[in-house]
Structure formats: C-alpha cells, structure tokens
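In the two complexes below, chain A is the common chain; its partner is chain B in one and chain C in the other.
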Partner chain A sequence: MKTERTFLGVPVVKPRVGFFDLSSCEGCQLQILNNEATLLSFLSLVEIVNFREGMKEKSDEYDIAFVEGSVTRADEEERLKRIRENAGTLVALGSCACFGGVNQLKNRFHDLEWVKKEVYGDFPIETREARPISAFVPVDLEIYGCPIKKEEVEKIVTKLVLGHEISHPNFPVCMECKANENVCLYDLGEPCLGPVTRAGCDSWCTSNRMGCWGCRGPAPAANLEQLEEIIKQKNIPQERLLDRLECFGGFGEAARKMRHRLEKNS
Partner chain B sequence: MKVNCNVDIRHLTRVEGHGNIRIRIQDGLVREANWEVVETPRFFEAMLVGKHYENAPYICGRICGICSIGHTLASIRAVENALGFIPSKQTARLRILLKHMETLQSHILHLYFLAAPDFLGVGSVLPLVDSHPEVVQAALRLKQLANDICDEVGGRRLHPTRTVVGGFTMLPDKHQLQSFGERLKKSLADFTSSADLFATFELPSFERETEFVSLKGEGDYPFIGGRLVSTDGVVKEEHEYRAMTNEYMADWSTSKLSRLSRGALAVGALARFNNNFNEMNALPLEISEKLGLSPVNHNPFMNNVAQLVECVQVVMESIDIIDTLLDTPWQESKEAVEAKEGTGVGAVEVPRGILYHCLELDSRGRVRKADCVIPTSQNHANIHHDIEALAQWCVEQGKQDKEIELLAEMLVRAYDPCISCSVH
Partner chain C sequence: MIFKIFQASEVETLFELLSVNRIVGPVEKGRHVNGSTLYDFDVVYDFKDLKLDYGQTIHSAKNYFLPYRENLCTFTFENNDWQKHVDFGAYQAHVFFGLHPCDINALNKLDKVLMGDLYPNPFYGAKRSNMFIVGHSCLPTPSCFCHSMGADSVLGGFDLFLTRMEDEYMAEVRSARAYHILERLETREATHEDHLLFRKTASEKRSLFTCEVDTSDLTKILDMEFESEVWKEWGDRCLSCGTCANVCPTCYCYGVEQEVNMDFSHARKVKQLYSCNLVDFAEVAGGHNFRPESSTRLKYRYYHKHRGFVEAYEESLCVGCGRCGEACLADITVPEVIASVRGSEK
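Coming up: the complex of A and B.
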C-alpha cells in the first residue's frame, strides 16, 4: 500500500482496489460512478487497479476486492476463488453478492431444466442455482442493497481506509422512515417490509412511496410473525408479502416456508 | 508487407458485461474474426412466471444497471397494454422526461468514460482527470444533471422507485423542475464544446451496409411506443415485434440473436437517427452536419456521433416537457387499473436501441409468459459481421497487430453494448 495523505496527523494508506462482477446487472459498480459530485474525491482515496467496466489496464495485485453479482456458473466460482486468493479484504457488493439477489428467484422452481427450457427452448445452456458469494469463499464485509447506496459505500470505504470499525445498523428501515416523517405506506394500503428490513438506506424507497422489498435483508431482530399479522389486519393479500420476502434472497428460509405454506393452501 | 495478426481479447474492457474478440490473420488472409458472448444467463423471463404483474417492472428494471429506467418503462407499457390501460398525458410526459434523462446519462457515460479514452490514447477516464480536466468536469456536470432529474422524477437514478403501473407513486416538485429546466438550458453550451472535442476525433472510415431498425416518429423523435420500421422498408406494429426480431441461437453466444431482411440488423442511436433524422430539432441536426453524420450512414463508429447528437435532442425536448409540466396543474399521480387476462407489448427506445417487453397475463393479473428482446442482443450478430468485415478492411489498409486490436475494441465499444442485459 502507498502512503500519500494523512488523517489527524496519522499517515493514511491508499489501498489498491479492484471491482469484479459475476451474474448481475453491474448496477452496483455503476453506482460508484453515479455520484458525480463526490466521485473525484472518492477516487483520490483509493487506487483503482482493476475495473473492467471502466478501464483497460488490469492488475491482480489489489488489497480490497469488491465483488458484485451472484454465482450461477462453474467459471464464476473459479473466478471468485482466484479473487479471494488475491485480495486481503473481500467485500460483497450489493444484494446479488450478499444473498443471491433477484437471480435467486429462479431457484424457487426447484427445476433448472424447466427454467432453461422456458427461456432457451432446447438450446443447451449452462446454469446453476444462484448463490451468494459467501457460499463459496469467506467474505470479510457485506454492503447491502439493490442497488447499493453510494453514500453508504463512501462511508464504509473511508472507514476501511482509515482502519475504523465498520458496523451495520441493527434497527429496521421503518425507524429511518419514521425519522423522515413519511406517511406510513400501510395507511395507504401498500405492503412494506420496512418493519423487518435492515436499515442503512435512509428509507430510500419508502420516502418515494414505494413499499420496501427487503433488498438489504432482515434486521437482526426482525419479527416476521408480527409482520404477517399486520398484513392480515390491513387486508393485504399474503402473496404480496411473499413477493417482497422472496425477491432478493435475504429472507431465505422464511420466504421458502411461506411459499410452501401458501402453495399448500391454494 | 502482408498482414499477420493474432488478436485474442478475453473479456473486453470498458463495456457492460462479458464478451471476447478473436481475430487471426495469416499472410493477409483472414482466418478467423469473431465476436463471442460469454455472459452468464439470469433467466428473467422464467423468474416472472406466476408472479403478479406489479412484480414485472420492479424485477425487470434489474435486468440492467445502466438502462434500468428503460426496462421498467417497457414492462409498465407491456402490462398497461395487456390491461388496455392508457396513461394520462401527465404520466406520459413524466415518463418521456425520465427516459430522456436516462438516455442522456447513459450516452454521456458511454461517450466520455467508455469511448473517448480510445480517441485520446489512454486506457480509462482516470488519466483524463489531469490531462483534460475541462472535458471530465463537463461530462460529470451533464451526467449529474441527468441523474438528478431521474432522482426527482423516478425517485432514483438506478432501479427507479416511483414508476408503477398506472402512473407514479409521487410527483416531482415543481420548484425543482423549474431549476432543472434552467440547468438544462445552460447545459447546451457544454454540448457545443463536446461537439468541438468530438470533431477532433478521427473516426475510421470503415463502412458495412446493414439494416437499421427503430421506432418511427410521427411528428417527434420517437422514444416510447409506435410503429416499428427498418431502413430496408419493413414496417410493423408494436405488437408484431417478433416479426421484427426473429430471435435465434448460435454456438458463439449465450445471448439470443436477431435478423430481419438480411443476416443481421442494427439498433441504437445511429438506427434511430437513420430512420428519424427528419424529426430532429435544428440544433442537433446542425451538430450532426458539423460532425459528418448524414442519413443513411453505415459506419458503425458513427454511433458515437449519433449519441452525441441525440443528447442535444433529448435536452431540447426535455426543456419543452418541463415548460409544459410547469404550465399545467398537477393531476392525480396514479390511476387505478384492474387485472384482467391479456397480452401486451411495450416497445421503448432505450439508450442502446429498441427494447421490447411482452407479457401475457392471466385473469388474476399473474404473468403466464414473459419475453424481453434486448437492444444489444439484436446487435450481436451485426457486431459479429462487422468484426469480420473490419478484419478484411484492415488487411486492405495494411494495418498492423496493435492497430487492428484497438480498432476491433473501438468497433465493439461504438455499439455501447450492454452484454449482461442482452443475456438477462
């Protein structure tokens, strides 16, 4: 690592950073470029040495690897393992890397042959069930969200560079939403996972009157049973709760159980 | 001297997604010239099966990290067409404004961050921060403006939050809109300097005749819905999109491919320009003339210029849309829609070309069948044929190894491919 600047008189190293993508929309990487006002100062904090989507030069010597996307094919597992070997710190970037993301929606069919046929007919195509990267390699840090919130990434990367401890909020999005003085979406008849989803996005969706879909996964003390009660009280179809719980994979087992129960009862 | 060359690029850089270029020339004979698409498929069309239609725009937006707004709007249009719902004028205007701003931010990202480094002889935009600070600042300014407007209208620049079937969950703030209108007017000066910069770029004089497909404007430059046309004279209605795309598979690509009257077709800014130049405003036409772009242009590298010209077009249209929105009292942001059985197609011109979503719904509004045809998947076969023709052209021009490699990379980048999108 190179020493270039100081923070409170203490030298600050400029880590070599790589961005990598597995099965994903590559939107989380683009979020890095999507905060134009602070982009240049962010870039001055790190040395980007591998970013296929943005630059031609590439190096396998990096301190921090940010990996976006989930694993859906054998070659991705191999690439991920190589990245793990090279990186001191491996960061899962976004819901696909952390939980499987929208990609894992295909897993619910438990029949990959049907999934392949539905899209490609008889053309042979390789795929596996979508898995988060932690299913294959140890992950040092997870940055949640679909998409990730750039401000949060900047904060986390600054802490990484300065060697500060990184922690995620343990309260749900609902609290941020209340602090932002929004009208509760349940009062507007909309289902919302705000009461059970990990905060940190500053109630990004609900502040725009879109119910939370749980892209950041469950808050540590998520009470899903109580949420089901609320849904019943508000006369919102359970299916709409399930759609949200299973969208990004963060509520894994709870969503699978709910689907099983609803399918059995229908 | 006879040309010998061996290009083997695995995972081309500065494009969205994963693709390879392979060119082998021996003693002036092109032995191999291929474009290979190796992206992992994600199966969005299967994911939607059995899901209520409200999931479709939300999930489909996540097909792409650059044009998520376009995908969201195509899904919404497909659902609304399936349900026989016609959005209000206010909703239609806000959607066009949102789409224009996505086009602007995407084109700027491509032109400055992905394409320009080749013309300025560097590997990425990073060295330009020091060598061409004014260029980078102007690009960031334009991109930020476009993204700020996307945030205000769509709730979020990436994977929008306010866009739903029936309208919007919330309306933008009129004071904000007014200030955006003023910033857009000021931004026109940045395009004059962009045009000056692009005029200094040397575009290869390579041409290969192809068939260009896009929406056809009727009194305006087209972006959402309408008739489908090709430069070979094919005309179809929106719901007949399959006759325009004719998808098939080949062993060199995990993306589906398209063809129409010939072996391949092209979509994108150049296709839109070639089919709709007469619907453009005077200023963008002036810039196109200055940069040597006139219809029908068959040089794929000119897609860069067509994107720049389109930036000016969408800025001018957006200024007008904002004026109209400011002059009209707000109506309800969203209208109620009722689930019923039906099939709908949404055709939307997104930054990289015409995008189609088709959704078949059952009587409870659940998706029975989904189909998405992506601009880049329509372009892949054309890119493949272009690389073959480019290799041959390079032999005739006596180009050498490194030069051929760079030209091949620049050719693919000129299409601004969104490869993960194309495989979805």
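Coming up: the complex of A and C.
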C-alpha cells in the first residue's frame, strides 16, 4: 500500500525501484543498506521491489532501476537490456557501471585469454572485456564513486522523486579538499588526482590523507596535460599517475594514450 | 593610537586572559616534503601550540567569518504550510591571535563589500562584530608581496597589534576592550628608544622582501592588455580547481543550492564559496557559458582583484599574502602573472 505523501501540498508518487548487480563487488548496494540512521527515511522515499542484497522478493515492475557493476559476460548484457526495457529511468550506480570500474583494469592487457588463464587457470569461465553499461543501453543518470557516497545518493534520489533538476558538481575534488582545510597531499610528497577528478565525495580519501584515485571520473575541465607536467616537476614517476588514471576507467582514452606513450618511451 | 611595551614572556599571560573565549591562531599542520613546517589556523587550546613565528598559513582564517559552506536558511514544512528560519551562525565570540597585517587588511576589505551600505551580509556581520583580533608582526616569506599591495602594515580593524622588538612587544591598542585587557598585564609606556626601535624593525622587515608586484598604472595596463596572449598561456596551465579562491583571504564569491530532506519535512538553502576559475562559474540559465575557456576565467579573476575592485574602492582586492601562488600546483603566482601582462605591453 503506497502511503500518500505530499511536498508543499503537491502529491508525490513513491516510485518502485529495483537494485541490480552485474560484475561488481556489490559494495555500492551495501552502502545503501549500511546507512542505518537514514534507512527508514530512504524507504519512505521509494518502494524497493527488487534488491538481492536486501530482500527475497523479486518484481520486474519498477520505475527506476539502479544498476551496479560492469558488463563482462553475454548474459549480463541481455539482463541489462531487459532491465532497461522494464525501467522508466535507468541509473548507473557506482564507478563499475559508469566507467567499467576496477574490473576494466584487465582491458589494458593485449591478450585477454592470458588474463583469464592467470586468474582462473583452467576453470571454464566466460569473461570478456569489462564495459560500462552505457556501452549497451541508454543511461539516464550516472552516480559516481567507488563506492558511492551514500549522502550524495540520498540527495540525488530525493531530487529524482521530487522531479528536481539533478546536477553533479562540475569542479574537482580540490574544491572540497580545500574547504575541509586539508594539507595538500602534494606538499607531503603524495600523488593525488584531486585536481582532475569530479567532486561530490566531500574529499573522502584526501581528508583521510590518502591521495585521490579518481574513482568519480574526470571533472569537466580536467587539465590532464598540466597534471602530468606537475608530476614530472615533483619527481613522481609517471607510472604512479597512470596507475591511478587507469584504476576506475573514468579517464578512459586519456589514460590509454598515456600508457601507449609510456610504453613507447620505455 | 596608544602604544604599550611589555616583555615577550607576557604574551602567554595575554593568551590566558583571552582564553575565556575560543582562540583561533596559527598552529603546525605537518611537514612539507621539502622539510619546511606547514601552518594553518585552528582553534588553540594550549599556548604551546600557538606558533606566533609562523611564516604563512596554508588557508586564510576566513572559514571562521566567511565559511566555505553555510546554511542561509532552513524551512520546516507542516500541514501544507511552511516556516522559514534564518540563523546567522554566530554562536560564540572568536579571538584571532596572531593575524598578520595581510589578513587584517583582508578583513577590512571584506568589510567594505560585506558590511557596506549596498548589500550588507548579516551572516558575515554577525561573526565579524563578535571577534577580538590580536595582530602580530611578521617577516616576509619568499612568496609574500604584501608591501607591493600596501598591506604590509595595518592601520585598523584589530583590537591589539603586537610588534616583536627584540625581547619585548610593542602593543598598538585600538579598542577599549584591548586597553582593559592590557591593564592586567605588566606593561610600560613606550619611550623614544622604543619608537626608534619600532622604525628599525619595520625597515628591517621591508628589506627582506624578495618578491614584488609593480602595481603602477596596473588598472590601465590591464585594460590595454585585455587581449594579450599571456592570458592564454596562463589559462593553459590553470587546473580550474578553485584552490586559489579557497585559500584567498578576500575571495567571497559563492553559489547557492537548495536541498530537501528525505522526509520532506525540512529543506535548506546552502551557500558554498565558489571560484571564478571553476568551469561553470559564468554559466547562466539556459546553459550558455560566458567563460568556457580557462584563460578567460583566470583573466577575470585578475580583473576583479586588480582592476574592478580598484575602480570601485580605490584599492586592490589582493593583499599580497602569496597563498594562492603557494597553493597552486601549476605554479601560477600573482607576481609572475602581473609581470607577464606588464611585459607584453612593449
């Protein structure tokens, strides 16, 4: 039974939502369940009808689908397409769904058969290049992060339910890091992707003195050429920058070009 | 102005007397990879943590009077009706212990904008009028150019200003509150020798600057060099990260966001300090961006600081604290940018 809710006297529909997982650690979905303090409020906002991590019931009737994970198998591609057909709004939840995530690290090896052999030995398993879900179906909204920042998801879902405009911060992590009055990690000799990575995480890692790994992908005006220059000047090996740019897949083409360049020069 | 002299060791007594209120001052925050100490402003509970011989802090103290994030108002929704609540966020008095002249000058500039007749900002005003400022003399760091901006000494905007002179302090007393606090310290009147020593100390400080900005005719030169190629070069280096504005003691631009809570029972308007270097700073309704290139955004930051503000207030909005240049990973510094613009006039 849907509870009738209103906002400023206007009735608000409680959307039916499903959470789905492709190739991923399911950590983003756990983040949503982890938020005990606000979980009941979250449940008053949406009606969850499909959520393997949280319930047995499974319904294919939902308005919004949150999909975590990247596509690494043919059956996942098919499943994703079915979810897309069922859902009015498809949301890519977390870096795997948005960019391929940590899974896509394997894509950089030229020989994927070798990768499979290294990881699974002779165990028969189907696995192919890890791709973001937008490579197969139209995606209406992306929620970045590895894992997602639950406070941000709650804000976004509230806007989704109220029909408010959703916009991501267009500035890099440095803005939030400075607002948290952290010491710049470069001053402490650590590399950091904060200057080029989209904010919204409230400088989660850098506030804990861990350099940014770029899980939220590039900020719209990311100046990667300059960051490379800075890394050189600070005598930090280029490879350390590249490790981070490649880690979550958000920097896609730029990271691939840089690897190509480094391999050519070595 | 009243001048008093007291022994340097008495400054701890002054700290203790003032510590009935929350004291904010320079403290150590870590060690730079090059071995130098990193300082920042923070709440100080123990006099031993107060580092009055600091060079420059990473951030300015503005978070205490112009917070990076601040609720402008909250709304409560009930029975199809709503209530608005405004809270200026001035919960307690702050004692700023050890502000350098640049930062006090920065406050005086902010006062002109945020407490002037046109659009006074009660959020700022409430906090600003609830503070006690103890200024402290300093020696220039390699990136300080306050003398070029006329901000190396300060005439007002503080309660007490302490100039270290050998084993003693010369205290400039600027408020009745400061006068009464000093009555509880062991002080003496300043003599002619002290006056001479003060001038000697000041001239020694002036001789130590290694960095400067030629501000002569700068507003006109900026007008002439609006199309200069150097803006493009600096723009190519700019990371558009907003760090310069965040560490700046006088940057006050902001954006506002509205949030509704998940229960639909409350909403709030949140102000966040923004930077003109951020890609969407000049994006307007409908999506048009007046400054899509980083070079244009960087240029306008300089035009606001060194041209627009000068035309409006007959002084620059830059105090020469050097923080933006220190914090900029791309090494974009005010002295170098201005010098390159001036150089291109030939």
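The working rule: the second predicted complex is superposed on the first by the 263 of 266 C-alpha atoms of A that agree within 3 Å, B and C clash if a C-alpha of one lies under 4 Å from a C-alpha of the other, contacts with A are read in each partner's own complex, and residues count from 1 in each chain.
Everything that follows uses one rule, which is that a residue touches a chain if its C-beta (ideal position, glycine included) is under 8 Å from a C-beta of that chain, and two chains touch if they have at least 3 such contacts.
For clarity, every value in this text was computed on a predicted model and none was experimentally measured.
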item: Which of chain B and chain C A:73 touches, first, second, both or neither; value: first
item: Broader residue contact with chain A after superposition on the shared chain, chain B or chain C; value: B
item: First, second, both or neither for A:12, with chain B first and chain C second; value: second
item: Contacts of A:118 with chain B and chain C, given as first, second, both or neither; value: first
item: Touching partner for A:175 - first (chain B), second (chain C), both, neither; value: second
item: Which of chain B and chain C A:221 touches, first, second, both or neither; value: second
item: Chain B versus chain C as contact partner of A:184, first or second or both or neither; value: second
item: Which superposed partner A:23 touches (first chain B, second chain C, both, neither); value: first
item: Chain B versus chain C as contact partner of A:198, first or second or both or neither; value: neither
item: Chain C-facing residues of chain A, complex; value: 5-9, 12, 38, 41-42, 44-45, 154-155, 157-159, 162, 164, 170-172, 174-175, 178-179, 181, 183-184, 186-189, 194-196, 219-221, 223, 225-227, 229-230
item: Chain A-facing residues of chain C, complex; value: 29-33, 38, 40, 58-59, 63, 68-69, 77, 80, 82, 236-243, 246-247, 259-264, 272-273, 275, 278-280, 294, 327, 329-330
item: Complex interface listing, chain A residues touching chain B; value: 21-31, 33-34, 36-37, 39-40, 43, 48, 51-58, 72-73, 76, 101-103, 105-106, 109, 114-116, 118-120, 123, 125, 127, 130, 146-147, 204-205, 208-210, 213, 239-240, 243, 247
item: Residues of chain B that touch chain A when the two form their complex; value: 11, 13-17, 40-47, 49, 51-52, 54-55, 58-59, 62-66, 68, 109, 113-114, 117, 123-126, 129, 140-141, 143-144, 147, 155-159, 161-162, 164, 169-170, 249, 254, 256, 420-421
